[in-house]
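First chain A sits with chain B, and in the next complex the same chain sits with chain C.
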Partner chain A sequence: MKVQRVNKWRPQLVITLIAIFLLAPIVATFFYSISTVWVKTILPNGLTFKWYGVLTADPNFIPSVIRSLLLAIAVVIVTMVAFLPVIFYANVYNPKLKEKLRYLSILPYSIPGIVLVTGLVQLYGNVAVPKIIILILTISAICLPAFYQSLNNAFMGDDFRGMFEQAQLLGDSKVGAFIRVVLPNIRAGLMVGLLLTFAAAFTEYVITNIFLTGQYQTLKIYMYRLMNTNGNAASVLTIIFFLFLGVIALILIKLVSNQKRAKKE
Partner chain B sequence: MVNTDNFLSVSHLNISFNGNTVIKDLSFNIKKGTLTSFLGPSGSGKTTVLRAIAGLNQAFAGQITLDGQDITNLAPNQRNIGMIFQSYALFPNLTVFDNIAYGLRVQKKPKTEIEKAVTDMLAIIGLTDRRDYYPANLSGGQRQRVAIARSMVLEPKLLLLDEPLSALDAKTRVELRNQIKRYQQELGITMIFVTHDQTEAMAISDDVLIMSLGELEQQGSAMEIYTNPKTMFVADFIGNHNVLAATDLAMLGLGTDQPDGQYIIRPELLEHVMPANLNGYAPIEGQVVEMAVLGNRIEYSLKTATGHVVKAECMNQNINFTLNDEIKVYLKVAEIKKVG
Partner chain C sequence: MGSKVKLFFPFSLVMLVGLVLPVVVMIIAGFQGMDGGFTFSNYTTIFSQNYYRMAIFNSLWISLIAGIIGLVISILGAWAITQLAERTQNILIILFNLAASFAGIPLAFSLIIVFGNAGIAKALAHTLHIGFLGGFSIYSLQGLILAYTFFEVPLGILFLYAPMKEIKKEWFEAALVLGANRSFFIKTIILPILLPNIIETFIILFANAMGTYETMYALTGNNFISIPIVIGSLIDGSLNANVPLACALATIFAAVMAMLVLVGNRIINRKRK
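And now, the complex of A and B:
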């Protein structure tokens, strides 16, 4: 039989071009972050790590990191406490609710961020609840699609209703059954969902900036402000951001591939 | 004192989902130490009743008592009832040993006691060498046995099995159903076994409870239900009976003085060898219009001169007929049973 030769270089060329297209700005940003001066020349005048020192010495830097972290952790907690039980209930007991959740989870994609914020300001702007709480709830809702999808996949395949009920028939309480039987079996999907939520909340910009009119300076807001005053330091921050998200992406890839292997076994 | 005749007693059970009545005023008793089958077609409400007994479906009217205790409003984890799901619902993250030990650990039993109870149970189900396997690495029949062991190790008062054999191949089914019967007899556990397979129900049950559309059609021993169906539904569902009206019997020359109603003639009672003494027998003549070889038996459909089609089931022996043969079979008239 004649084996058809596949042109290997063509797909590889396309992938290489895309990779160059995506990596070029990051590489350029990196070099900008370690350049002394890089204006009106093809190559930077000199190299230095000075800007890394400048950035970390800025009194606004660490508080911004902490604010972003706190915001992201709060969003993750809300997601765990409020959405996880609902998604479990919809998947296990009430498939009709799942249809509605699916619809709800598309909404954040279909409504532009700026429209959402305008609505939020008008609706909740004068409510006697700290705005930060409304912000946390809003970001949690906006992060729902990623969390919902990761968990939905985790609930597929096994008979979770049967397992949950079986654990109770074996004498366990509802909470005990959920912790001992449901959670361990959705662990990978749950981790993926929580990491995606964390990353999205950590890097959120539009809503935080407009809704709190910039008073709550997160890392992303700090970064945009820095761009106007010190381009080099801003590129240092961009690189740090990139590394941080890169680590999260690597963990996600690892989790998903472990999950696939486990399913095959 | 608790009467062992109504060890489990369900009275006036009514269940509806979204306004549809699924179970209508169902009442029955189950004897201690017996294996009872719930038999009925899909949608007859068997599983719904089982879930109500287990406490997994608490939206119902009626009363359920177990061993003299009213359990109607108890949570599932307080009833001491075990249940085997159709999917087995083994915990995929736990080994065979840990699956079986789950209930004992929840009860916070001492480690040595758990070790002994689970090891004993593994020996009973013959999976001692699989104790560290995960459910994903077991065959269907092995999973089934683990699921049974996981419930039985807690020595429940009542064990419910919801179509536990439906996902297995024919040979494993027969093996496992005999094993279930053996466990039940050796350990003296009261069991309820849900199935839609008549043969399975009759093979293992002390008592069969036939349901249709949420109502109890008949409860009795396998023999009783097979030979004396109380309703047309049972007559139709339980076997391959010929069901004839009194007028049909008269036309076939099987008696003219029968009161109105429906009658059953079991196909295996029609003999194709002429009995030595024809006293009490009536012949039926007809042409073979259909035949099915069932292995050890052959089923013939005979078309009589009156236009009736009568099924006869004969042992697969030397004298066999072929299509279009005109044959004569004999029936003991006393064996014709009125339905009801």
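And now, the complex of A and C:
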């Protein structure tokens, strides 16, 4: 082991270079967000927190956060109600269906948002349907692959079929047995799936912006507009957004490592 | 209602309304004119007019270059992670997850702060007289490729990290004992094991770059001609909107991507066997 330690400078150098490269724009954005003026100079003219005040005082800021939150919560609920039972059924009762669901992983790459929104505009563009409902269903559908994959691991190992059926023998209804016996045993995997779904819905831009013609101003749409009107406030928003993603990434890692530990025990 | 129906109804409703019907209608609409009649004219327009051919060419080119650069750096990166302490590995995976999800408008804006016309890079180039940095534009083809590497590299690392972690140090030691040198070991043992994952990762990086709209739009608006941008400008409700033409272009895109991923899967499955 000691012999290998000596040679670690190479991987360390590679990772350091990649990390510096990836983080440099974010660090620059942070300094921009606390600069009085930073245009065409190497260093900012002075430091200030006033842009943080400017952003939070903007009457459009909080409503756009709330709109993104509502959208994400709606998508999470649809995912729970529509997808979770089917994924349970495929994993526990129907391996053939599971085999078919595997093909979902191709979906996000062959039908990216810009392609899907074209179909949405064509189909629902001139029809009097509540577009926000369609949007919620569409975002749920594109979140399915990630949700499905994070749940698959959760169903491995335990005898869910036995648990589910015994609970019913003891007098539970199907829904009751599912909620009381199955859900607690897939908690970690379910949380990972829901968190990924939440984050994807919260940060969705292309479909929301084009399909609803920018009228439902989510956080990302607000960010784009702000970027073109007040760069300093937009840099504050970018930093807040980065921290938000960071918190989600931290929770995800915590959940996944707990799940791994639980499986090992 | 039977319990099977209850089980599948919500699932089918979401998938049909949210995904399947729009895609089916999109494919059909690609064969319709603005008046709704059947026609091939959308397809002949796309393949005969330079503007659309250029969009296809640009998209393929930018995705190929970004995919190759992303792949090479992420092979190095994923290898380097596996050499570090377990705890460091976990932290780095958080970092790369984070970097991958930062793509889009926030990434574009950060890059404008650094490389934009009033950015730090320009100020540096001006003061220190660095010609190539002064001439570099984040809004150009090269700029877009640079921007893409910021999410292609972490994405590639996330896909390659797990398979690389499977490679055991003992294999290398065993090979050394049997008289193999390092490059022979990499060529005959490591490469064949990793090749399916490398191909798979490249296809994902390529497809991901092809479908990237948000980052490109946030950087260049509708100025850079690529498949996603052209589709976006055809369906945004403006004066030159032409939804059926956009449907045809989107159909070509989806068909090519689906084929690429399927062929890739086949190659990978054969190699794995």
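Keep this in mind: the second predicted complex is superposed on the first by the 254 of 265 C-alpha atoms of A that agree within 3 Å, B and C clash if a C-alpha of one lies under 4 Å from a C-alpha of the other, contacts with A are read in each partner's own complex, and residues count from 1 in each chain.
The rule we apply is simple: a contact is a pair of C-beta atoms (placed from the backbone, for glycine too) under 8 Å apart; a residue touches a chain by one contact, two chains touch by 3 or more.
Everything numeric in this text was worked out from a predicted model, so none of it was measured.
For the composite obtained by overlaying on chain A, chain B and chain C can both be accommodated side by side without a clash. Rounded to the nearest 10, the superposed model shows the Cα centres of chain B and chain C diverging by 100 degrees about the centre of chain A.
Once the two complexes are overlaid on the shared chain, A:N185 sits against chain B while remaining clear of chain C. When the two structures are aligned on the shared chain, A:D172 is found in touch with chain B, with no touch to chain C.
In the superposition on chain A, contact is made by A:T213 with chain C only, not with chain B.
In the superposed model, A:I77 makes contact with neither chain B nor chain C. Look at A:V37: by the touch rule set out above, it reaches neither chain B nor chain C. In the superposed model, A:T203 lies in contact with chain C only, and not with chain B.
Once the two complexes are laid over each other on the shared chain, residue contacts for A:G162 go to chain B alone; chain C is not touched.
Considering which of chain B and chain C touches more of chain A, the answer is C. Annotation: superposed on chain A, chain B and chain C show a minimal Cα-Cα gap of 13 Å.
Residues of chain A that lie in the contact sets of both chain B and chain C are absent, per the superposition on chain A. Against chain A, the residues of chain B that register as touching in their complex are 54, 56, 75-77, 79, 81-83, 85-93, 102-103, 106-107, 136-137, 150-151, 154.
On chain A, the positions that touch chain C within their shared complex are 4, 8, 10-12, 14-15, 18-19, 21-26, 28-29, 32, 38-42, 78, 81-83, 85-86, 89, 106, 109-125, 134, 137-142, 144, 174, 199, 203, 205-206, 210, 213, 220, 223-224, 227, 231, 234-235, 238, 241-242, 245-246, 248-250, 252-253, 257.
Chain A meets chain B in the complex at residues 158-159, 162-163, 165-173, 176, 180-181, 184-185, 265.
Within the complex formed with chain A, the chain C residues making contact are 3, 7-8, 10-11, 13-15, 17-19, 21-26, 29, 73, 76-77, 79-81, 83-84, 90, 92-99, 101-102, 104-107, 109-114, 118, 120, 122-124, 126-127, 150, 153-154, 157, 169, 203-204, 207-208, 210-214, 218, 228, 231-232, 235-237, 243-244, 246-247, 249-250, 253-254, 257-258, 261-262, 265.
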